[in-house]
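Submitted below is the structure of interest, expressed as C-alpha cells.
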Amino acid sequence: MPLSPEQQAEIDAQRSETQPTLRAVSAGMEAHLYTAKPVLDHGFVRVIDYMGDDAAICQAARVSYGRGTKSVSNDEGLIRYLMRHWHSTPFEMCEIKLHVKLPIFVARQWIRHRTANVNEYSARYSILDREFYIPAPEHLAAQSVTNNQGRGEALEGAEADRVLRYLRDDAMRAFDHYEEMISTEDQQGLARELARMNLPANTYTQWYWKVDLHNLLHFLRLRADSHAQYEIRVYADAICEMVADWVPFAYKAFEDYRMGGAQLSSTALDCVRRMLKGEEVSQETSGMSKGEWREFKAVLDGEG
Amino acid sequence: MPLSPEQQAEIDAQRSETQPTLRAVSAGMEAHLYTAKPVLDHGFVRVIDYMGDDAAICQAARVSYGRGTKSVSNDEGLIRYLMRHWHSTPFEMCEIKLHVKLPIFVARQWIRHRTANVNEYSARYSILDREFYIPAPEHLAAQSVTNNQGRGEALEGAEADRVLRYLRDDAMRAFDHYEEMISTEDQQGLARELARMNLPANTYTQWYWKVDLHNLLHFLRLRADSHAQYEIRVYADAICEMVADWVPFAYKAFEDYRMGGAQLSSTALDCVRRMLKGEEVSQETSGMSKGEWREFKAVLDGEG
Amino acid sequence: MPLSPEQQAEIDAQRSETQPTLRAVSAGMEAHLYTAKPVLDHGFVRVIDYMGDDAAICQAARVSYGRGTKSVSNDEGLIRYLMRHWHSTPFEMCEIKLHVKLPIFVARQWIRHRTANVNEYSARYSILDREFYIPAPEHLAAQSVTNNQGRGEALEGAEADRVLRYLRDDAMRAFDHYEEMISTEDQQGLARELARMNLPANTYTQWYWKVDLHNLLHFLRLRADSHAQYEIRVYADAICEMVADWVPFAYKAFEDYRMGGAQLSSTALDCVRRMLKGEEVSQETSGMSKGEWREFKAVLDGEG
Amino acid sequence: MPLSPEQQAEIDAQRSETQPTLRAVSAGMEAHLYTAKPVLDHGFVRVIDYMGDDAAICQAARVSYGRGTKSVSNDEGLIRYLMRHWHSTPFEMCEIKLHVKLPIFVARQWIRHRTANVNEYSARYSILDREFYIPAPEHLAAQSVTNNQGRGEALEGAEADRVLRYLRDDAMRAFDHYEEMISTEDQQGLARELARMNLPANTYTQWYWKVDLHNLLHFLRLRADSHAQYEIRVYADAICEMVADWVPFAYKAFEDYRMGGAQLSSTALDCVRRMLKGEEVSQETSGMSKGEWREFKAVLDGEG
C-alpha cells in the first residue's frame, strides 16, 4: 500500500476544509485534489494545485485572436480549432502541480521533459525509505526480438522466479548496507550524499512537478503512448484521467487530434491519394523504406 | 481613464461571486483579483489567477531538502534561507497570470524575458484601439549627457510643447490613416496585418502574461530597478505591490536580498576588507576601473 | 539596396580569410557565411556562425540510442527515422546564429518563439536609421473576406496609391520628428528611449538570433507555411535555403515529414479507412465540423 | 583508465586533421577539442564542438547596445561591464557541446539545470558497461555534524574498509545479475529497460551536453562552488579550465564578479556601512539571524 497512515491522515485533513476564492474553479479537478492515485507497487500521483480550466483557455485565445475567435460558436469548438492548428499558447495558460512518487529509473526518463518545474526529495540531505519497485510477474517482459524498443512476452517459470529474487535480494542487501554505512552508532557514519550511490535504480523517490497544460499534453502524448515503457506509461495514464476531469474539452480534442491521430509524411499522403484513386500501392512503389511502409500500413489498419 | 464601463462591469461581475476550493488561497491576493491597477495614461495590470502562497514555497522546499529544512524554525526563516542561497526551485512552485495593457515599446522590452507564457492581442486578426501613450510633462526627460542609459532633467517650455504636439499629432494622423486604409466603405480595404505597420510604438496593446514566482522576481529585480526605463518601471512597481500581498515572506526576503542588496566582486570585497582594517583605499589603489569604483562607492554610500 | 558600402566591405573582409579548425565543418554552410541574403526592401538574413552538421545529429543519436541506431544502415536513414518518430534531441545538437534586419512588426511575431537567444539593436541607447518597409504593390493585399487570417487580392488603382502614400509619408514625417526631438542643437534633446515611441512598426530593426536546429525547424514549419504572413514568410524561406545547404539530410526529412506532411485526427484517419474500403463519406457522415472537413479535403486534394 | 584503446584511437583520428573555416576560431579551445580530460575514476569531459569566442560576445553586445558600447575602450572592458551589470544575452551567443561520462547520481544532480540540450546513452536500448564510481579513500567523507549539506572528515580504518567493500561488492553483484537477467543463453532474457533497474547509482552513464555560455557559467557558479558535492565539483572544475582557454576575458570577469564575489543583502550592506564609520557591530545589533551573521562574517574574513 503506497500511503502511510500519516499520509492518509494528512490528505483527509487537506480535503476536509474548503475556502472561498474568486479564481476559476474546475469542479472536476477539485474532486481529485490531494487524493493519491496509486501507481505501480509503491508509487502515486496526486494533484496539489491547478490553475485555470477550459474557459481560461478560451479567454486567453480571445484576447490574442480577437474577432477571429468570435466566429467560433462555443468554447468546445474554439478549443478544437486551437488544437487542430497547433495554437499552443492558450493551453499554456493552465498550470498543474503534482506530487509524484516514482522509481528512480522512471524519474530519469521523466526529467528529460525540461519545460517543467521540479522539486525532488534530496538524498543528499535526507535518508531514503526502504521502498523498491518490483514488477508484477505479468510485467516481467522479455527483450523484444523484433524491435529494439519494445518488450516481448512475459518471462515464465524459473527464469521469472530468478529475476524477481535478484531484484528483491539485491535491493534489500543494498539498502541494508546503505543503512549500515550512514549509521552513526559506534562509528562516524558515511555522508548521505555518498551512501546513496549504493542504491539501485528501482528505489523510489518523490517530487513536486509543475507544468503548463501545453507541455503536459506533449508529455502525455509521448508517455501515454503504446511505445513508452510500461512503468512510465502507468503514470501518464493516471494523469490522463485527471486531465480529462480538469479540462474536458481540451482533453477530448487532445485525444482526437494527438493521441488518436497520426502525422503522415508528404510521401504517405501521396500514397493515400493514389490509393483513393484506385491504384494498388506496395512498399516497392510507395517511395517509402520498409520501416516507414510498415508504420504507414499500421496507421491505415488502425493499429498505429 | 484606462477602463471602459464594459470592462469595469466585467470586473465587478467577476468579483461578485466566490466559489469554494480546496487549493491554497492567499487572502492578500484575492483582494487584488481582477481589479485593474491603472498604470501610465491608458494602461493597467490586473491579476487573473494565481497558484500557491508562502506556505506552498515551504512545502516544496521541505519535499526537496527534507530534514535540512526542519532545523529552520518557521516558514519565514526558511524562505529567507532559500532566497539567500539562491535555491530557486521552491519559488517556481508559485505562478501568477496577469492581464496587462501597455504601450508597444514597453511590450518589446518586456517580452525579452522569455521564461513566461504570453497571449497577446493580435493586430493581425483584430482592429487596434485609438489609444496612445503620451508622457506626462514631468516624464518628458532629456537624454542624459553623463550616462548612456539614463534620462536627464525634464524638458521645459517650447521644447516640451513641441514634443508633446509631435507625439499626439503623429499618433492621431497615423491612426486616422490606419482606419482609412482598413475601411471597406467604397473600397476593398487593406489587410489588417499590413495596415498595423503604420501605427507608432506608443500604441497600446494588451496581453495575458503568466510566469512563475522565481522568474517574476527576476523580472522585477531588473525592471523595478532605478536604471530601468520609467515606462516599464511603473508596471514593475504595480506588480511589486501585488506580490507583497500575495507572498509576504518571499517578497520581504526579495527586498532584503535582491532589491536592496548588491553583488560585490572579489576585488570589491578585498577593498572592503582593507578599509575595515583602516586602510585608505582610492580608485588608483583599488584595482578597479573608474566605472567600477564609482559604482562601488555608490553602494557604500547607500546610493546603489 | 539593403547593404551599405561599409557593410559590404565588412562582409568581404570576413569572407577573405579562413582559419583551420578541428570542428565539424559544413561546406554548404561555409558558402553562405556572412553573406547577406536580401529580404524585403531593406532587410536581410546572414549566417554569423553555426555548429554541427548532418553527421553531428547522427553522432548524438548514436550516443543516446546506442545499438538501436546501428541497425539503420546510414546517416540519411537514421535522420529520417529520428524525424519520423519525433526524436528531437539529436537535432538540438546543431546550432545557428543569424544576423537579421527586419521591420519591427515582423520582429514582434518572430520573438514569440521563445526558445532562442536574441541580441537586438537598442533604440534606448542608439539612434535608429531612416529605413522603413514599404510593400511592393503586388503585396498590398486586401483583407480576406472568407478567412480571418489570410489576405485577399492585391489592392489596385487609387486605393493602392493612397495606401502607399500614407505609409511613406507617415513614416517620413515620424522620422523627421524623431530626429528633431532628439536633436541637441539649441535645445536639450528628448531621451532616445522616449523619442523612439514616435516611430511606426514598419521601421527596420536588427538582431542576432541564435537557435538550435530543432527549434529552428519548428519556427520554419510555422513561418514558411502558406498561412504565415508574407512579410515573415520571406525570411523563413531565405533561412530554408541556408538550412538545405547546411544539413541536407535533415532538411529533406523535414520537408517530407513536416512541411509536406499533415497531422490527421483520429476522426480523419477513420474517414480515410472508410473511403479506402469504398464508402462514400461526406461532411455530414464524417463526424467532422465544416471547417475540419474543408481542411481534410484540402489535404486529400494536395492543397493543404 | 577511463579511455579504451578504441576511444583513444578515435580521438587521435579526430585531432589529426583540420579543415578551413570562415567562422570565429578560439585557438585556446582548439587545443582542447576531442581530448578527454579524466575526471573521477572512470569519467571524463571532452569538448566536441563550440561556437564563438570573446570577440563574438562583444560583437553581439555592440549590435544591441550600440553607441553605449563604443565608449568602452576595448573588448575586455566591455565584457567586464556586461558581467557586472548582469547583461546576460551577449554571453548566450557562445555555445559549447561536451561529451561527459559520469556516475548516475552525479547525472541526476546535473540534469536539474534545464536550460541545456542533452542526449544520454539509453539503457533502454543498449547494454551498460561494468563501470562504477568507487571513491578514493580520501574522499570517503563522514556526514557533517554541523552542517546538513557538507561532509565531515574522511572515514578511516575498518569503517572505511567496510564502506569500500560494500560499494564494490554490491555493484559487482548487481552487475553480474544484470548480465544474467538479460542473457539470452538458454532463456528468453529480461528486457534491458527492466534489467537496468537493478544497477546502483554509482554506475557510469554518458551524454552529450550542449549549453550556451551564460547558462554554463551559472552552472559553474553553483557546481564549482565549495558547497557543491565533490563528485560534481570535479567535473565543474575540469570545465572551468576549458572555459578559461576558450573565452579568457569572459572567464576572468566571471571569476572576479561571480566565483570570488558575494551578494550582500540590504541588511549586510548597512552593517558594512556602520562598521566603516567605526561602529562595533555584533550579531545581536546587526539585524541578522545567527546563520546570516556567520555567513556574513565568513565573507568579510575572506572565507566565503
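For reference, chains read A, B, C and D in written order, and residue numbers begin at 1 within each chain.
Just so it is clear, a residue touches a chain if its C-beta (ideal position, glycine included) is under 8 Å from a C-beta of that chain, and two chains touch if they have at least 3 such contacts.
Here's who's who by UniProt: A, B, C, D = Flavin-dependent thymidylate synthase.
These numbers were taken from a predicted model, which means no experiment stands behind them.
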item	value
Homomeric contact chain C-chain D: same or different residue positions, threshold half	same
Counterpart interface for B-C, drawn from B-D, A-D or C-D and sharing over half of its contact pairs	A-D
Centre-of-Cα separation between chain C and chain A, whole angstrom	33
Euclidean distance of C-alpha centroids - chain A vs chain B, Å	35
Per-residue multi-chain contacts in chain A, two or more chains	65, 67-68, 89, 112, 118, 120, 125, 148-149
Complex interface listing, chain A residues touching chain C	65, 67-68, 71, 77, 80-81, 84, 86, 89, 112, 148-149, 222, 255-257, 259-270, 272-273, 275-276, 289, 291-292, 295, 299-300, 302
For the chain D and chain C complex, residues of the former touching the latter	14-15, 17-25, 30, 33-34, 48-52, 56, 59-61, 63-68, 89-90, 92-93, 95, 97, 99, 117-122, 125-127, 206-208, 210, 212
Contact footprint of chain D on chain A as seen in their complex	103-105, 107-108, 111-112, 114-115, 118, 120, 123-125, 133, 135, 140-144, 148-149, 151-153, 155, 159, 162-163, 166-167, 170-171, 173-174, 177, 180-182, 184, 187-194, 196-202, 229
